[in-house]
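In what follows, subunit A forms one complex with subunit B and a second complex with subunit C.
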Partner chain A sequence: MMGNNGMSAAVGKRKFGGVIKKITGAREFGLTVAFAVLIVLALIITPDLFQVETLLSNLRNYAYVGIMVLGMMGVIITGGIDLSVGSTLALTGAITATILNNAYDNKTNFPTFVLVIIGIAVGAVCGFINGVLIGKLKVQPMIATLATMYIYRGAAYIVSGGTWITASKLTDGFKNLTTGKFLGIYHIIWYLIILIAIFAVFYRYTTSGRRFYAVGTNEESAKIIGIKTDRVKILAYTVMGTLAGFCGILFVSNLAIFNASIGDGVELDVIAICVLGGVSIVGGKGTLLGAVIAFLMMTIVSAFLSMITGMSVWSDALKGLIIVVAVLVNVITAYMSEKRTLKERVI
Partner chain B sequence: MEITITNAEGKMSEYILELKDIVKTFGPVKALDGVQFQLKRGEIHAIMGENGAGKSTFIKVITAVHQPDYGMMFLDGEKVNIKDPIEAQKLGIAAIYQNVTSFPDLTVTENIFMGQEIYNSLHLYNWGEMNKRAKAIIKQFTDRIDVSQKMNELSVAEQQMVEIAKAISRDARILIMDEPTASLTKYECEELYSVAEKLRDKGVSIILITHKFEDMYRLASRVTVFRDAQYIGTWDIDKISTAKLIEAMVGRQLSQMYPNKTAKIGDVVLEVKNLSCVGYFKDISFNVRRGEILAITGLVGASRTEVCQSIYGILKPTSGTIEMDGKPIKIRSSKDALKYGIGLLPEDRHLQGLVVQLPIYQNVTMPVIKKYEQPLFLNSEKEREDAVRLCKKIDLRASGINAPPSSLSGGNQQKVVVAKFLNCDLKVLIMDEPTKGIDVGAKYSIYEIMNELASSGYAIIMVSSEMAEVIGMSDRIVVMKAGRKTGEFISGEATQEKILEAAIMTKGNSRSVNQAPDHAAV
Partner chain C sequence: MSDNLTVIKKRKFSPSFFASWEMVLVYILVLINLMLMIFQPDIYFASGTMSSMISYSLISAIMVFGMIFILLLGDIDVSIASIMLLSAMFMGYTYGATHNAFLAILVSIGVGGACGFINGYLVSKFKMPAVIVTIATSMIFRGAARIKMGEDKINTYPSWFSNIGWNNFLGIPVSLWIFIAFAIIFGLILHTTSYGRKLYFIGNNPTASLYSGINTMWFKVSVFTIMGALAGVSAVFFIGRYTGIDYSMGKGLEMDIIAVCVLGGVSTAGGKGKIYGPVIATFVYGFLKYALELMNMEANTIKLVTGIVIIIAVIIPLIDKQFIDNCYKFFSCSNSKELASIRFQERDNLKIIDNEIFRIKEDKTAGEKEKSEKVNALKLRKDEIKKRSNERYAVVLETVKAAKAAKKKKIAAKK
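Right, the complex of A and B next:
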């Protein structure tokens, strides 16, 4: 009996230790801590940052990055990558802006919701093409999307004729799409919130979402079990493209300006946030929570830097540093927890 | 999940599964050449044969991963044409492959229900219900597994249990196990055996592919042997001798499983005194002599590999001394170890032993590449010469020294690793599971190489889980259990029972204390 008690106590201790380890071991935990530290730092240095208005306006300008993170996460989880999202964004932006420009010249009014539908459809087609290249034709994701990155960007220049389209030519209805407010919060932020909710359910509770993980963690067994891996990949890239297309419209609407170089390099920001949020670059691993926290963190950092005079030049360097530190912290905590379990082990 | 088999008299054939004249070619290679097979209801039927005999291809034909070029398959006496693995699953055929084919980053529950998910009314995943059912299924076999754990947090044995649970949850009537015990400890094997027996008693027919005679004798009632893509024969286990079976497998007579050892044992070369490493092992002492083969055995998780790694400088011991020829030495890295003449053949050839894409000769010369340095370029002529000489010495079967090891069989790959160290001027060679996953014929030649090395004065430390190999090959046996040395035997005195007792039954059993570090340690 005594022995039994001792054993169950040991098991209990292990379970408890396991829970603690699960919490502290989670990427989200480290991120949240870092996030908290950052906010405290920011509060001390620039109290202005924490006025609701400042925060919202920053979030408003980064929301499109956040929306794309939701799709990129899925792509990376399937073991892929999408470098073409910035170009897709520019292409739908170009189409939207050009339509509005022509409508302005012809003194007609083009309904905003049709624009949105067109933009989303264009984005979906762009993503679908990526998906077919990668899923069906087995082109390496990085190569395929590197190529389409140039193609879509080129298409954006061709469509727009390389011209700038400015606020005066955009209808108020179109601008209102993002800059309008509901319950005191910009529409664009609402889109982000709603999409986060949808994708939270998608990645955890739907077959399609879970298939992303299955394909990313072991493509061969996914095939054996009857999962059509090519279709899963096509879906992942199409979702990504759709979101990027949507973001193209939001971008033009939000800043009320278009030129064909918008969104240049944003794909790397999006990928960096995913990596920071703990999405494994080899696929199969990653949570929406982690990605969202990482997104908020990067937003705060950018806002923070833009508010201190002379610091904005530091922006990119610091972003890189944060990623390195985040990854290092992960490595070190993993090492420490391994050391600890070794020490606890009775020999 | 209960499986009942209604025996409608006369209507059902004696066999649940029957294959006839199966031919399968891959390009010019005949992987299966007119193979036949019959599986009785509720029997455990072993399929044996050397690597490359066609066993794995055969399994993939049954599960419809491959389509045969020719031949017929009968299920319950009726001819079937299975299109794809999904249809095979629906017909009740499930396979547990050699390299467990799960989804490592997903939970146990999700692995079990992948492809047969349970939804709620909104057609969303019903995690609660799936977890509950997964728990119920797993519980039939073991209560160690928590269904919310990720697969990669489990040991290989536990992962196999999950695979079996998965098959059972799909109402499998025919279960194929491909080398299920290849990386299990003795204890885990027993667990697996009892699960297999449980399933058989419930009416599941099991096909067991194995290299281990132990598995076959313990479980199977009949055995079918393949050789060189051909069907050799089927026997009742109790009607064929081991020698006859080996003969059927290798196509020649192996007078014995282990070659005779002739090496003369000399002075102590390496001595380890009270070596400890926090979390892995404590107070390990032993020595090994010139010309001697010392076996270190025990269950997986006994930290045998870690002891070897400490000697080789990969893992840093926290206390204790290592002496070479009576003088204490400090080994901080594998470079130091090689300098003192200690070599290590790692357990995982692919991960740690070979660069499988590089040509054989470059693999062989890699540790001593400095030897071939000259101004500007490497002396690759000398490199090749040495490689040819060494490959001859180990009787390597390869198309040439420019071929990459990836083109070789497991046994020949292992020989390349050995050759690599022969080039290094060693005194002590540590071999971690040298014959793991290698077929009978190739094993024998590895044993011969070991004996030859011993004869030429090497001291060999062999880590092995295979009891027969430990007893058959070594001069002395050190047994470890959970990081402690629990026994040492001279080969003449050692019996399976004695070794097993030292490996499991010692007083102060601390097995249950902590499982997690086993995984952390990997």
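Right, the complex of A and C next:
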């Protein structure tokens, strides 16, 4: 698509048309239009949804998915997939919740920032194991993360002993980690915003970030250029694991409840949002902007569905339908733009 | 294998047969049985344990055959559990309305096939990635079933279904009979028909197979449809075991099926795999789970163990000569290419001389004295090679060390 725009500029005709084309031809354009349509629809059906407080609380409960999307995008761009994120989330949640539970039983106070560091470290180790399996040992990403999904989930049950840990066992400082407010916005949303800013720079302007795209586009040529593809993959999975670990803490802190089955199936949501945002599952393509728009869209959809009574049974089917349609639109627009490029080349 | 010019040797039984992946699976299967024999002898030798273990392994095993086909194409289908639920639901409604078991099963297979067709059409016509399509359709199918069923349970099934899940026929579980029949049919399709060869062809190189005149699009659709229909068949087994269903039926089953296929040596990249690997792996996986349950392990510990088993199963085939060489390089040559290459060269040269010695010893035309002279000369040569390579090794080691020290200095200077 970018090549197409460059071509039309070189011809020197239709300069203004070129700008419009650049906007309408962008991968995110279709998504943005869909987003706008959705908002209008939601406005008509459930005007209550568009109160600041409702939106914020919905975003607060869904923000952890957005944080994981940032990492999953990198993994998918390198041509992989990570199914173990939900289990990593549960494992870190289990470890932090169990520590807090024990501290409560012993009537000691456990500093929150140490918990955060522990959680992030656990997540990073989980991701690193995935990365070594996939990057160094060349196991298929799907299979490796499928196996580690089982392992981390089992470990979460073993660590927590399969019990529920409730709000009374958690310290206020820990709960305040997400539910506290800064400038009227929940902390967890601030984390999301900050991380989006960091990753926007990371994927676009840093060497490591660009290497993700290189590896995903063509692994062989990336190797020939001198990129250590195995290290890039390990980095991608470790970043993913770190974010998932962080989300484990946020999840427990936000809902103030823990059970080892938390985050079950969230990996599908995360992958779906990435694909919806135009990240190509075969690797090498995708922008953070698209992923973020897709995330907001899914937030609205899930909020919208929870607002209408009796719609909760529909949510899964509708989400699936939205994904299919979005991917279909993506495929068709890619095909059309390819055709257009070919046409312009002939002229 | 042999032409007229070479002397035809009598083919010996190849020892690599015992190291093949399928045999490794058999060893694991035997090991699981032995462990059960040792740790739970009263349960293991009780009558009926064996057949219940087999029926347990085969609850959803029919879907393995479809999954082999799909993995051979290089695609994947994670919607099978949802398809199974949907077809089980329709089967229940049909039987409830008509009390015609044959029609109910036909409806189940038809619904499964239709779901598979949708998957296949989306994947092959629009070239959408199979992972995403099937994730989305699994949400849709399960969601649709949930919209219809809500929190209800469906129990309207023929009572003789439970024979499949629990009873024996001629001393062998009914499910095993059916499983063997399916295994033979699908083994014949995969290994003797042109359909099966095309599967391998498309899996290895879709573009080349398209150019050589295979209609890859409709071929893919057919494979996905077969998978869906098998999910419909599998619903019968599932209900035979559990009698009723609700909307969470078989959640996560797709991962088990994929794990069985991978354990059986089917590559998820496509174009690699045989039918008997997954057939044995079905029993390995089922027996392992059953054995762990017998040892009073928690459901989630079992999950953990199965995860570890999958990883080990995937890593074992990676251990080849290259891997061992790399380990050698890493541990005893201080991770240096130059040092390792000296060692490998030495090893190769010594091997050549060893072969020569072996050849001389086997030679029947030469006299004993001549032989021993030649052998001694070669042994001297061996010593010489060893000595020379050791000398070279020492020299290179120093340069490598010097290079490392220089690098360290450079880093220190930077700081």
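Simple rule for what comes next: the second predicted complex is superposed on the first by the 311 of 347 C-alpha atoms of A that agree within 3 Å, B and C clash if a C-alpha of one lies under 4 Å from a C-alpha of the other, contacts with A are read in each partner's own complex, and residues count from 1 in each chain.
The definition used in the following text is that contacts are C-beta pairs under 8 Å (C-beta built on N, C-alpha and C of every residue); 3 or more make two chains touch, one makes a residue touch a chain.
Please read all numbers here as calculations on a predicted model, not as lab measurements.
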- Would you sort A:A36 into first (subunit B), second (subunit C), both or neither based on which partner it touches? neither
- Message: Going by the contact rule set out at the top, does A:V275 touch subunit B (first), subunit C (second), both, or neither?
- Response: second
- Message: One more residue to check, A:R153. First (subunit B), second (subunit C), both or neither?
- Response: second
- Message: Which chain, subunit B or subunit C, ends up touching more residues of subunit A in the combined arrangement?
- Response: C
- Task: For A:V201, select first, second, both or neither according to whether it touches subunit B, subunit C, the two together, or no partner.
- Result: first
- Message: One more residue to check, A:N218. First (subunit B), second (subunit C), both or neither?
- Response: first
- Query: Residue overlap on subunit A between the subunit B contact set and the subunit C contact set?
  - Reply: none
- Item | Residues of subunit B that touch subunit A when the two form their complex | 65, 84-86, 89, 101-106, 110, 114-115, 117, 123-125, 127, 278-282, 482-484, 510, 512-517, 520-521
- In their shared complex, subunit C is touched by residues of subunit A numbered 81, 133, 137-140, 142-144, 146-151, 153-158, 162, 260, 268, 271-272, 275, 281-282, 313-321, 323-324, 327-328, 331-332
- Query: Along subunit C, where are the residues that touch subunit A in the complex?
  - Reply: 76, 122, 126-129, 131-133, 135-140, 142-144, 146-147, 150, 255, 258-259, 262, 267-269, 298, 300-308, 310-311, 314-315, 318
- What residues of subunit A sit close enough to touch subunit B in their complex? 7, 10-11, 14, 18, 201, 204-207, 210, 213-214, 216-218, 220-222, 224-227, 280, 284-285, 338-339, 341-347
